[in-house]
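Both of the next two complexes hold subunit A, though its partner changes from subunit B to subunit C.
== the complex of A and B ==
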C-alpha cells in the first residue's frame, strides 16, 4: 500500500479513516508475539495447582525431568536463585511467579517445564506429581469479610502508593482494601425519608476471552533483558521487572507489537515476570503462550455483591443512598483494590443525591485473581444501581425514564465526591436513548408464549487518575511524520486515532503518518492502555508533541530566512549543509487531580467522565425463559469523535461483550473451588446469532473541552447500561425481577413459575 | 498432544485393516477428534484418514431414497438441491448445526459415529428411518441409524467398522422437523434436541442431548420416564420441562414449517 505524504486538503480529525493496520491484518502479516520464534528458544508449560488452598507437601518433578527433550523443570526455589523475592503485582506485591509453600486457588502456577518442543513440555507437565495438605478455603466475597479461612498471612501493599501504607503487615484479614465515602448523613436522611428501598444484587465471575491468549517471550544477555509481550502496559512491565531484578530501567526493554484483544487481561504484569526470570535462569530465550482455557486461571472479572438502599422524598427525589459493595478479588490483588476505590466512588450512580454513604471492600478469596475488565468495575455497579433505580421508580408508580431524569446529575452540579460535573452529557444521553426507543409511544407487548418488554439504563465512569502520558513526534526532512508513543493498539484503533491527531496538527493525511509501536527503548513512558484513558491522555500528549514539532519547524524556517511554505529539505540544506535530519517535538500530559480526603471527598476526582446509556427491546419465551434481544440502542457521550467509524464499532463491540456477561457467561465453581467449565465449549461467549437483529450506536453532540479536539475515551462506555437495561426489560415483559447475573433462561423460568 | 501416525489408505479394505488395533482411530473431518486429542482426553497412536476413500457422493436411489456417502461434508448436504427439495428438514437442521466452518470440514460418517448425544443429525436421521451401510473385515452390513447408539459417546460399531453410506427413505407424504433448545448462547450445544416425523396419524419422536443417546418416545408422556441428569445446561427438572415444550413445538413445526 502506498502511503505517500502529501498535504491534507480536508480535516483529519472527525474523518472515518479506515484503520491503518487493516491491510496488514487481513493479509495475515500483522506482527503478534504469538508468531515469534527466536533461535534456541524454549517453550514453557505451566503445571498448576489442583486444590484451592493448601500447603505443598510434596512436589516430584523427576518423571517430567526424565522425559526426552525436556530442558529443565523449574519450581519456585529455582527462580529464587535469580530473584530472592518472587512476589509481584501492581498495587500489592502478593503474587509469587510460582507457588511458594502454599497454593491459594485451583489453577495457580506451581512449576514450569521447559523444552524446545512445546508438545514435549506439555506431555512432561502431566507427569509432575504434587501433594497438598488442604487448608480451609473461602470463595464468597461477603463470607470473606469475616471468615476464619484467611488467604494471605499478611498484607503486602507495594510501597509506592502512600494511600496503601497503612495496610502493610496487617494480619488475619481478607480485606485487601476498604474505601469509604461520606457525604452528608445518609443514615439520618433515611429515617426521615418518605419511602426507603433496599435491594441486594450479585454479579458473577467471568473472563476477558481475548482471541489472542496471554503470551510473553523473554531473551537476555549478561546485562539486558528484552521482553516481547502481549501487554497493555509496557512501561509498567519495565518498571516492575527492573524492581524485581534490582536493575536500572534502561537495561529492561519491553516490546509490544499488535495485540489480539486485551480488555484488561494484559495489564500491569502477567507472564512477563515468570518468563523473564526463567530466561535469566536458563540463559536462553523462553516463551510461554497460554491456551484459551488456561486464561481462566490468570485473570478474570470480579464477582460482586452490592447492597443498595435509597431514601426518596414525597416529590420522588432521591435524598439518600447507601452503597455497600464487596468485590471478589480472588487469591491475588492484581488491580482489584484500585477497582474498589477508583470505581467504588461512583457506586451511587449519576444522580444528584444529598446524603451518600459508600463502603467498598476488596476481598481476597481462593478463586482465580480478578482485575480490570472493560469498565474497571463500573458494569457491576451500574447493574445494581440501575436495576435498583428501576425497581424504585416502578414501586413509586413513576415512569422509569422520568424518575431518572428528575434525579439526574447535571453539569455544574456536585457529584457525591463534591467534584463539580463538567462536560458530562448525562441528561442528553438518557433522553436520546428514550427517544430512539420511542419510549413515550405505545409498545407491542406480545401474545401467547412470547411476551415483549423494554428497558433502559444509564451509567457513568470517572477516568482513572492520576496518570501520565509522554509522546514524541518526528517531522522527517521529507515532511513525513512519525509518532512515538507507548499506547498499545489492541484492536481499538489507537494507531489510527493518534495518526489523525498528529496529521491534523501537521496538515498531512492520517494515512501517511507512521505510528511506532511500544518499545520502551524507543517510545517514551505511558501509564498504560487502559480504562479508556489513551485517546484523552496520549491524544493530548501527541497533539502537544505535534504542535511542538510544528512550532519548531516554523521557527527553523524563520531563523534560516525561508518563507513558511519552503520545504524542510531546503531549510536543512542551508542550515546543516545536507538534506537530512528531523525535527523532534515532545510533550507530556498530566491532568490535574486532587486525592480524596478521609471522607472520600475531592474537588477534582477525574480528568473526564464517560457516560453511556442502553435501551433494549426484548422477547421472553414464557415457556422456556429464554430472552431474545430484538433491538439494542447504545448512546454515549464521547465528546467530539476523532474517528466516527471506530467510535461506532467500539460502542457495538463493548455492548455485545456485555451481552455475554449478561446472558450466558459465568465461571461455574464447585464447592471445592474447581472450575467446572474451563473451555469455550462450556463457557459461552456470544455468537453471531446472539447479536440483536437491530442495533443503533449513537453519540450525542458533546465536547470534552480538555480533550484533544474535544474528544474523550470510548472503549468501555457502552458496557455500562446493557445488563440492567435487559433485566429491566425482562421485568417489563413478564413481571419478574432477576437480581443475579447472568439472566439464564432457567432462572427466569423458575421465577415465572414462582410468580404464578 | 503426543506424536501419532497418520495413515491415508486408498481402499476401504486397507483402512479397515489399519483400524484393527486398540490405539487406532478413524479420521474423517476431525472436528471433534482433534479437540479431544488437544484436550488430552484421547491419545491415539494412529489416525486412519478416510479422505482418500471417495465415499463423497449424494445420490437418489432406485426407490427414491437419499443416499449420502459417509465422507460427504455437512456443508455439501446442507447446500444440496436434491436434499433441499426432498428432505427439507435435513437442510434446515444443518443451517444451525454448529457453524459454517465446522460444517465445511465435518463429515456425515464422523458426525454419526462420534456418538455425542448433543449432535443434531442422529435423532433426525433416526426419526426419518435412515439406514447406515457399515463395512467391516467380513464385508458390509446394514443397520438402522437408530441402532448405532449404545450410550454416551458409545456406539454399536466395532473398532474396525466404518460407516460408508447412509440411506434416507423418500419422504412421501411424511412431514418432519428437528428443533433444538440451547440455554446459553444460540450456537451452544443443545440442552434438548427433538426430531419428529409425522406420517398420517403416526408420530415418530426422538429426543436427544438431555439423554445419553437419541431415544425413541412412543408418546410425549414418556418424557416423564426418561433418565435425565442436571448439568451446566440446566437442572434435570428444567431440561425435562424444556423437552415437553420442544416435543410439542416440534410436532407443530413438522405440521406447519415456519420456512
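== the complex of A and C ==
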C-alpha cells in the first residue's frame, strides 16, 4: 500500500510531492459540503430584495406557505424567537441573517422557504410578495463620503478591533473606517519638489466565483450545533455562532472538508449564521446551497477609487507621495475595514519615499457586500501605484524599470510605516522580471493594425497580523504520523505542504502523513485560511508541534533505556505493557507585531512581506481594441519553496485569475443598483482562450528566515502586478492610458478614437 | 409524476424513479450517490457537470434524467484503476481545488478518442467549454499531452 510509512532521512521539503488528495480529486470522490445530504434534511431557498435601499412595508408569505411540500417559510421575526439579535460580522455586527424592517442592497436575503425538495422551495420562494418604501441610495464610494443617503442608522463595531472602537454609535456616516498614515510632511515636500504628478484610478466590483458556490449545512441537538460548511475560517465560525447563540464554544462544532475554491469568498461568516438558526428553529438539519447567480449577492471584491500624487526631485527620486483610497464596501462591512487598514498602509508602494501621507476609507454603499479576494485589497492598490509610477517615469523621459529601481525599497531600509524591510527581495524580483523580458533589447513593435507593447509592474503585501495558529502532531505507535490543524485546503495544497513539513521533521515520507481536516471538535484553533498566512503561521506551528513530538519520542526511548533507532512499539510494550498508543506534539505560533500609532507608524508592521512582479508582452488590435497577451512573466519572492510544483501552479493560477479581473470581469449595475450580469454567461471568467500564449513563473532565490524551512506564503503574490503591467503595455503599444478597470476592447477602442 | 427509467450506468444495468424536471446530475446524486458530476453554473457553461451519454459529453445539469432511458451513461466514477488521463492529471499537477476536474478528465478522454495527438490549439478549442477558476489551464494542457503519450505507449 502506497500510504505505508517509510523512513525518509531528509528531502521532504523542497520536493514536488503530488497533492496528497490526488486520487480523490481525479476520481470525483473528494468530499465537499456541496455533496452532503443528511437524513430528514430541509433545503432553504432565499427570497431576496429587489430594491437597493428601502423600508419593508409588506411581506406576504402566505402563498409560499400554502405550496404543498413546504415545511415552513421563515422571516426575520421567526429567527428572533431563537436569537434576539440577528446581526453578525467580523468587524461590525451590522448584517442581519434576514432583513429586519429595511433592505440595503438588491439581492439581500429577506425570507427563506424550507422544504425537503429543493425544487419545491424554489417554486414557493417565487410566490413571496414584498413591498418596499424606497429610500435614497448611494452606490459610488467617493459620493458615499458626503452622501445624504446613509446606509446604516448607527455604526456597530464588533469590539474585536481597537481601531474601530471610536466608531461605536456614530450616526449619519457611511465611513466604516478611516485610516491615516503620516510620515514626514508630504504637503510641504510637494511644494518644493521638482515635478509633481497626480492621477486618479478606479477598479471595478468583481466576484470570486468559486465553482463550488457558498454552501452550509447545520444540524442540532438540544444543546449542540454542528455546521458542515464550505468555510475558510472554521474557528471564526465557531466563535461567532457561539456569540450569537450565547453558548459556550464547545457546544458548537464546525466541520470543513475540501473546498471547491475559496479565494476569500468563504471567509469569516457567510451562510452559517442563517442555516444555524434555521436548524435550531425547525429542529431539523438545514442546507442552503447558493446558485452561481446568488453568489454575486453575498460577497464581492471592493471597487475602489485611488487618488495618488507624487513629488519627484531633479535626480528622479520620489520625495513625496500622497494616497487617498476609497473602498466600496457595499451594504455590510464584512472584513472591509481590515482591508482598508491592513492593505491601506502599503498604498505608497514598494518605494523608499521620505514624505508620505495615506488616507484610506472603508465606505458603506447600497451594493452587495465586499470583503477579501485573493490579495486583500493589494491588487487594487498596485493597479493605481504602478500605473502612476509608469506614467511618472514616462513623463520624466526615464526608463520605467530604471526609474523603479532607483526608488525601490530595499532590505534594511524603512517602509512608510517606519518598519525596516526584512527578507523582501523587491529589487531582485523586479530585476529578474526585466531580464526575462529582455527589457534592454530592441522590441518588435508590430505593424499595421496590430501594435505590440510591453509593460512591467511590481507590488508587495504585508501579511496580516497579529494572528495565531495552533497545531497537534501525533506519532502513532506504528510510526505513522497524523497532523491535526484547522487550515482549510481549498485548492492551494496546504494538506500536502503541512505533510511535507511534518515529514521533514519526523523523517518519514510526506505521502505517508495524514492531515486531518478542520473539525473544531478535533483540530485546534487557527485564525483562518486567508491572506497567504497559512504556510507561514500554520507551517511554523506544524513544524514546532512535529519537533515537540519528535523530542518526546526521543525522551521516551531514552527513559525506557532503548536506543534511538528502536521502534515505538517495543518502547510502548516495555513502558505500558501494550503496543498501542500515540505520542502527541503540540505548538502554537504567534509572530510579533506592534499596532500602528496615531500616525499609522509602527516598528513591526508584519511578520513577512510578499513580493511579486509581472511583465507582459501584448498585442493591441487597433481596429477592435482587443488585447492579446503573447507573453506573461511572473517573478516572486516566496522565500524557499516547500513544494516547487504547487508554488508554480499557485503563481500561474493567481495571475490568470487576475487577467480576468483586468480584461473581462465586471459586475454591471444599473442606475437603481440592480446587478445586470449575475451569471457566467454574461460575467466572463478566464477560459482556455484567455491564457497568455507563453507564460513563465519563477521564484527568486530567497529565504524567509522566520518561516518554516525558509518559506512564506504564495497564494496571492502573482496577482499584484498583472493589471498595471497590462495597462502599461497598452500604453507602450498604442499610446493610450486607461485608468479604470477592466481594459475591455470597447474602452481601449474608444480611447484610441479620442486620441486621434 | 415519477416514472421508471432504465439505463446502463458505468457498465451496469440500473433503473431509477425519475421526475420529469430532474436533471441527470440530480438522478446520479440522489438515486446512485454519485457526486463526481457537479452542478456549478447551472447553465451548461462551466463543464463541472459533464457526463458521457452514449459516448458523448453532455452538461448533466441541463440534460434531463428521463432522456437517459436506454442510454449508456458514464461518469468519472467508472472503472477501478486510474487511466492514462487521470494519471497524467496527477503527474502534471493539473488541478487545485478539484471541483472542475472530473469534467476536464471526461472531456480529455473524449478528445483523445477523437484526436489521439492533439496540438495545443486543438486542446484549447476542445476543452474551452470547461472552466477552472483556479486556472490550472497551462498544467491541463501538459496533462493532455502527457496522457496522449501514455495512451500511445499502452
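We take it that the second predicted complex is superposed on the first by the 753 of 756 C-alpha atoms of A that agree within 3 Å, B and C clash if a C-alpha of one lies under 4 Å from a C-alpha of the other, contacts with A are read in each partner's own complex, and residues count from 1 in each chain.
One rule holds for everything that comes next: contacts are C-beta pairs under 8 Å (C-beta built on N, C-alpha and C of every residue); 3 or more make two chains touch, one makes a residue touch a chain.
Since this is a predicted model, take the numbers as computed values, not measurements.
Looking at the shared chain after the overlay, A:677 reaches subunit B, while subunit C stays out of its contact range.
Legend: residue contacts after superposition of the two complexes on their common chain; A:263 is shown touching subunit C, with no touch to subunit B. When the two complexes are overlaid on their common chain A, residue A:657 makes contact with subunit C while staying clear of subunit B. Once the two complexes are overlaid on the shared chain, A:439 sits clear of subunit B and of subunit C alike.
Greater residue coverage of subunit A by touch, when subunit B is weighed against subunit C, goes to C. In the superposition on chain A, A:210 makes contact with subunit C only, while subunit B stays out of contact range. In the superposition on chain A, A:119 makes contact with both subunit B and subunit C. Legend: residue contacts after superposition of the two complexes on their common chain; A:34 is shown touching subunit C, with no touch to subunit B. In the superposition on chain A, A:745 makes contact with subunit B only, not with subunit C. Shared-chain residue A:687: touches subunit B and subunit C both. Put simply, subunit A uses residues 119, 679, 681, 685-689 to touch subunit B in one complex and subunit C in the other.
For subunit A in complex with subunit C, the touching residues are 16, 18-19, 21-30, 32, 34-35, 37, 119, 208-213, 258-263, 291-293, 490-493, 645-646, 648-650, 652-654, 656-657, 679-681, 685-689, 691, 695. Subunit C meets subunit A in the complex at residues 21, 29-30, 34-38, 40-43, 45-46, 48, 75-77, 82, 86, 89-91, 93, 95-102, 105, 123-125, 127-128, 130-139. The part of subunit B that touches subunit A in the complex is made up of residues 1-3, 35, 39-40, 99, 181, 183-189, 232, 234-235, 238, 241-242, 245. Of all residues in subunit A, those touching subunit B in their complex are 119, 122-123, 126, 623-624, 626, 660, 663-664, 668, 676-677, 679, 681-682, 684-690, 744-746, 749-750.
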